[in-house]
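In what follows, structures are represented as structure tokens.
Next come two complexes built around subunit A: one with subunit B, the other with subunit C.
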Partner chain A sequence: MTHAADHSPVLERARPETAKPREPRIGFEGAMMTPGLILLAALSIVPFLALIAMSFSHVRLLGGVSLDLVGLRNWARFFTDADMWMSWLRTIVYFVLTVGLEMVLGVAVALCLYRVLRGRNLLLGLLLLPMFVAPSIVGLLGRYLTDSTFGLYAWVLRSVGYSGDILGSPISAFAAVVFMDVWEWTPLIALITLAGLSSVPQSVREAAAVDGAPGWMTLRYIVFPAISNVLLVALLIRSMDAIRYFDIIWVTTNGGPADATKIVPVRLYETAFRFFDLGYAAAIGLAMLAFSIFIARTFVRLLDVRGLTR
Partner chain B sequence: MSATEAVPRHPPVSAAPRGTPQSPLEETGRGTRWAVWVILALFMLWTLVPLVWMLMSSFKNRTDVTAATPQALFQPTLDNYRGLFSGPNNLTPYIWHSVLAAGISAVLAVCLGSLAGYGLARTAMRGKRHLAFWIISTRMAPIAAVVVPLFIIFRGLNLIDTIPGLVLAYLTFNLPFAIWLMSAFFAEVPPSLEESALVAGCTRWQAFWTVILPLTKAGLVTTFILCLVFAWNDYAFAVVFSGPNSQTLPIAASQLVTQTGVDWGQLTAIGTIVVVPMMLAGLAVRRWLVTGLTLGAVTGE
Partner chain C sequence: MDRNPLGPSRRDVLRGALAAGAAVTLSGCGAQADAPHVVTVDQWRQFKGATLNFISENTAPTAAIAANTRPFTDLTGITINIVTLELTALVQRVALDLASGHAQYQVIYADPYQVLAPYQRGLVDLRTMQADPNLPHLPGGIADFIPAQMDAAGRFVDPNAYYTLPYDAPTMIWQYRRDLFDKYHDRMANDLGFDPTPSGERTWDEYYRIANWFNKHAGSDVKYGTGHQARQHDSLMNDFSNVLWSYGGAYFDNGKEVGRIGSRDPGPCRLDSDAAIAGAEFYQKLLAIADPASTTWDWDGVGAAFRAGRLAMCPNWHEFAASNEQVMPGKTGYSPLPRGPVATANMYGGTGVGISGNTRPHERGAAWLFIVWATSPQTQLANLKSKAGGGTPTRTSVYELPEVRAAEKRPSPMPNMLTAAAVRQAWEPDKIGLRPKIPMWNECNTAIFTQLSRMLTGGATPPDAMRTIKARVDQIVARGWVA
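== the complex of A and B ==
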């Protein structure tokens, strides 16, 4: 664990030994954690239980919130809904494309940046800017840039022969939202990878060079193994956010055209807040939660097993 | 054989000076260097063109902003910004809501997060791993899965369309983030420092407040800024929980997209207003960004 308890006898002795012979149930650390954890419990465990309860009921909103138990109906619908399966499939494709492209581009850019000695900080500072843009603004900006009559990118594409409405046809719309996500988050991967690259010991790289290893071999056998943990962290961090954020799709295509970009979170929002079928939405939400818990597990395991770069 | 030929052409290889990431042994050919610069230049274009275009468009007048041929040269005007602060849809309340919701949630997250993070970093309790796992999985929970039950709970508590409601909603991701990250920062501080403070007669709290906390100032600032950015940029919570009394800036931007048409000049102006402060804040903590954004898993440049 990264936050391994650094135990020291002095910290232990600080507790009043005479007053209480037995170790107090909640020590100083416990007292420090209490307010934060109580609030966190209220904000995570209560909604989680509510989510489970909702997934087994029909939720009425009119005249005060009330839950009518319907047993497994939401879940039966969840597993038999063909549209839903298509959404999961689309989510997987979206997920693989965005995260995959971001990883490849991010690592490539990091490797290039690493070669730059002068002005690297300035370059990196500029490259990082997209990360701070609100995803909804990225989406709106993307709409502006790809508008078929006055969009800058649409104009560029027209000059190379493509003149369709980018957000209007299924495949190009899907590609567009993927690229918007890639635009925003590739810098994050580049930043993390660069931190990993800086931690590869110079002596090892020099040894490889002295042995006459060509560049790609150094990369393959020295650099990549050394930064593989960091890359894995980057992958996990991105995966967790990839299913958290759907703002870009929500403001650009809203799931359309013809459901081409309707990934699971978008469908959940639609189910919950357009059709107000909150019970079914809760079932979808639980399934999504299972995925993110899986990622969290992997992340914590990774920190447990290997010390990473700290 | 003359003596001059024996002198090596390259200076002798010695340990590279500090901060030089490349050793002379690893010098690459001209081709590679060209390729590196071309890739970087292309990537810079790809990254910066949309941002620059947004900035430029926010200073364009109505005809330039939707001209069929993109206008690179134009007569700059402040009309879009002026329109945002006069006119029927005044942006001031939106800015105020954004500042309040993001600011309060970030402050609360950092305060509670640094206390709990310190506890988590130093505790030896049983079940610590489970606790840590619970915290991180709360941070990673998909927004869509959190929004649904919170919507029901907030309706029951009358928190829909209030700033406190938004603050609580933002705390669902900012609080676990702050606890986890601060705990990573505290774990970096050697416990011997507290020990010497305790030996010098401090109480545990004094040791924390006067010795440890000042040492993690960078961590506190980084955590605060990242929490601020996450909350400020949120759209998914705000679109469900906010109404006329609590709508934030990203909502204001998306509301300009209407059936009758979009005022792209104003929209890019709002975009600039939303984006610029967060970029400045983010770049201010650039040194600790990696630590912050990887939740303390990776440190370094």
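== the complex of A and C ==
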């Protein structure tokens, strides 16, 4: 398609005979996208480039921010820091536990809820409540509920013979922060799964029932294949969130006891905003970004295989 | 489309609007106006109409001042806005404000270890303000401030310069249930073979035995003999340091000086010494009989447990006296912390107020008026009486006032003064506990309390924990500090 302007006699006259019509360097679409791209650059690309520069520098604060280049020192420290590797290990364990439990419980809750015919909306409303609480408030609630002086959960556990302090020992503290996250975000998985379940054709389910398929076979061969795409999207959403988990741990355990709950985001925060070692923090932040992109790409590729990204 | 060829096009209007917006934004980001100044014979009124921002930790004296800033505004005509934050958040804001090159916060609550030592170059040397003939001088001069506090909170490296004025003075002391000690005194004395009455003459070993006695014999009155602020937090380092120093351990060579004046290069860490390891072994033993929830408590946690009647005694900051007296009037006693085999140490956690180096000349003058007023004897006395705060005076003259002296005894209108006898001893130069004042303290502190937490949760033995701390602190110090 050509524009009418291209055939304007004025333009024809101005052009040398042999020259081809010049394509505008930035087309109409480009011009329309420019403000958005400038905004994106200001919000993402410039900070990203600054972050890369910081990771090769020592950042001075006093007298205005300035960078002293230190070469690969921050990166060398990152790869040789034993505490950092322990934090990565904890992050992965934490990631697998929270996302895994949330998926299993979320699907189970959704399946149960799907069978409820009366009062489903009321139950769903109650079930979704934790999701609307800010994570830092979940942390505070968790801290109070597990407090050994007056905490309800501490009291319940004492009555069944557990004498320790929940947030006082490494294993129980880790388990506690995992459960707090699971409590908050399982409803989201349940909600997404419930939406997926609604799309499973009733006629197929009835056909399976008529053929005498037991419940688990219906789940295995009809329900799960039908909702697997929805589950994959839920997994992607929760995974992205779980990688940057911070609030609950900061409020409840501060990364302790004995660093048992110090996952990478907590260490990043500490390095950047407590020690103000912004160069090293930039290196940690970029590594976290790479990890997030890896996880996201993995899930997106899976969705791509199923043709869901088109 | 019909368009007026002489008028501005839509594109021109858009360009003009963008340019105007950018100009307004840039002018907003750029020059910051100085505070107004009027020529007057009254030095206190010369910055009338100025507005100051004071950033502070949410502490008792600031709560008292924030509840009534009217006297300062009436005196100077200056409006003061107070932002109170938790200490970690305060340190972040101050660091970023100093980096910005502009003083959004002209007056800074400068914790000696987290603000003064790392960012001393961003604070004004207050000698220049005190020497300025156009500004009012400090009532009583700096000599009126308790000397150990003036050094610890106000100075860094240069023993003559001072960057802050001592503003509050929380100090760790022994807080105990006086009613229970009275009730069980004779039985305890008989069983233990010494007078259990808390005082600076008791030893940490005796403290341990008293706590153990309460655990075994006073279950109907109190659940545990002792509780501690042993969460993986700054509080754990504070609690442990009292024991460490009393056993003769030290974080660095010349530890007293590194604590009092500070250092940029403190040398190698000495936590691998036999004395330090002995202190760590005792601390682990003590925590083994303490309330198990101790490993989840910071100072607020242990304070709440003590007030809830769960503990017979605990080491905690003396400014908790006000809330103790509110909940358990007349039931609490205060004494300096026990001594160890080598010394007595009572951790000092006081802070000063300073002026941002990014301030403009008149702002700086106005900020000086505020810090002189906020640390003046009259204001410290008013803080002591305040229902909103409590206050912990930092001036010798305030402790000498007759009404303050009278308040040291019950019934006291100034409950924090019930601790005066204990803190007066704790602030003696050989008894005050001063952690290292080094720029990289925040990171060293984290290494210390993390390893201590490992030790208390069974992840490391005391010698291992001390040696690991030494290795990490040496690494951090070797990296140095560039602000």
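Some notes on this structure:
FYI, the second predicted complex is superposed on the first by the 255 of 310 C-alpha atoms of A that agree within 3 Å, B and C clash if a C-alpha of one lies under 4 Å from a C-alpha of the other, contacts with A are read in each partner's own complex, and residues count from 1 in each chain.
The definition used in the following text is that a contact is a pair of C-beta atoms (placed from the backbone, for glycine too) under 8 Å apart; a residue touches a chain by one contact, two chains touch by 3 or more.
Everything quoted here is computed from the prediction, not taken from an experiment.
Shared-chain residue A:28: touches subunit B; no touch with subunit C.
In the superposed model, A:131 makes contact with subunit B only, not with subunit C.
In the superposed model, A:253 lies in contact with subunit C only, and not with subunit B.
When the two complexes are overlaid on their common chain A, residue A:165 makes contact with subunit C while staying clear of subunit B.
Look at A:47: by the touch rule set out above, it reaches subunit B but stays clear of subunit C.
The wider contact with subunit A, measured as residues touched, comes from B rather than the other of subunit B and subunit C.
Looking at the shared chain after the overlay, A:115 reaches subunit B, while subunit C stays out of its contact range. Once the two complexes are laid over each other on the shared chain, residue contacts for A:273 go to subunit B and to subunit C alike. Subunit A residues in contact with subunit B (one complex) as well as with subunit C (other complex) are 61, 65, 149-150, 273.
Against subunit B, the residues of subunit A that register as touching in their complex are 1-8, 10-11, 14, 27-33, 35-37, 39-40, 43-44, 46-48, 50-51, 54, 59, 61, 65, 105, 108-109, 112-117, 123-137, 140-145, 149-150, 152, 155, 183, 187-188, 191-192, 194-199, 202, 205-206, 209-210, 215, 218, 230, 233-234, 237, 240, 243-247, 250-251, 264-265, 268-269, 272-273, 278, 281-282, 284-286, 288-289, 291-293, 295-297, 299-300, 302-304, 308-310. The part of subunit B that touches subunit A in the complex is made up of residues 16, 20-23, 25-26, 28, 32-33, 36, 39-40, 43-44, 46-51, 53-54, 57, 65-70, 112-113, 115-125, 128-129, 131-153, 155-156, 168, 171-172, 175-176, 179, 183-184, 186-188, 190-192, 194-195, 198-199, 203-205, 208, 229, 232-236, 239-240, 249-250, 253-254, 257, 264, 267-268, 271, 274-275, 278-279, 281-283, 286, 289-290, 293-301. Against subunit A, in their complex, subunit C makes its touches with residues 88, 91-92, 95-96, 98-101, 118-119, 121-122, 231-233, 291-296, 304-305, 308, 310, 440, 442-443, 446, 450, 453-454, 456-457, 459, 482-483.
Subunit A meets subunit C in the complex at residues 58, 60-65, 68, 147-150, 163-165, 167-170, 253-260, 270, 273-277.
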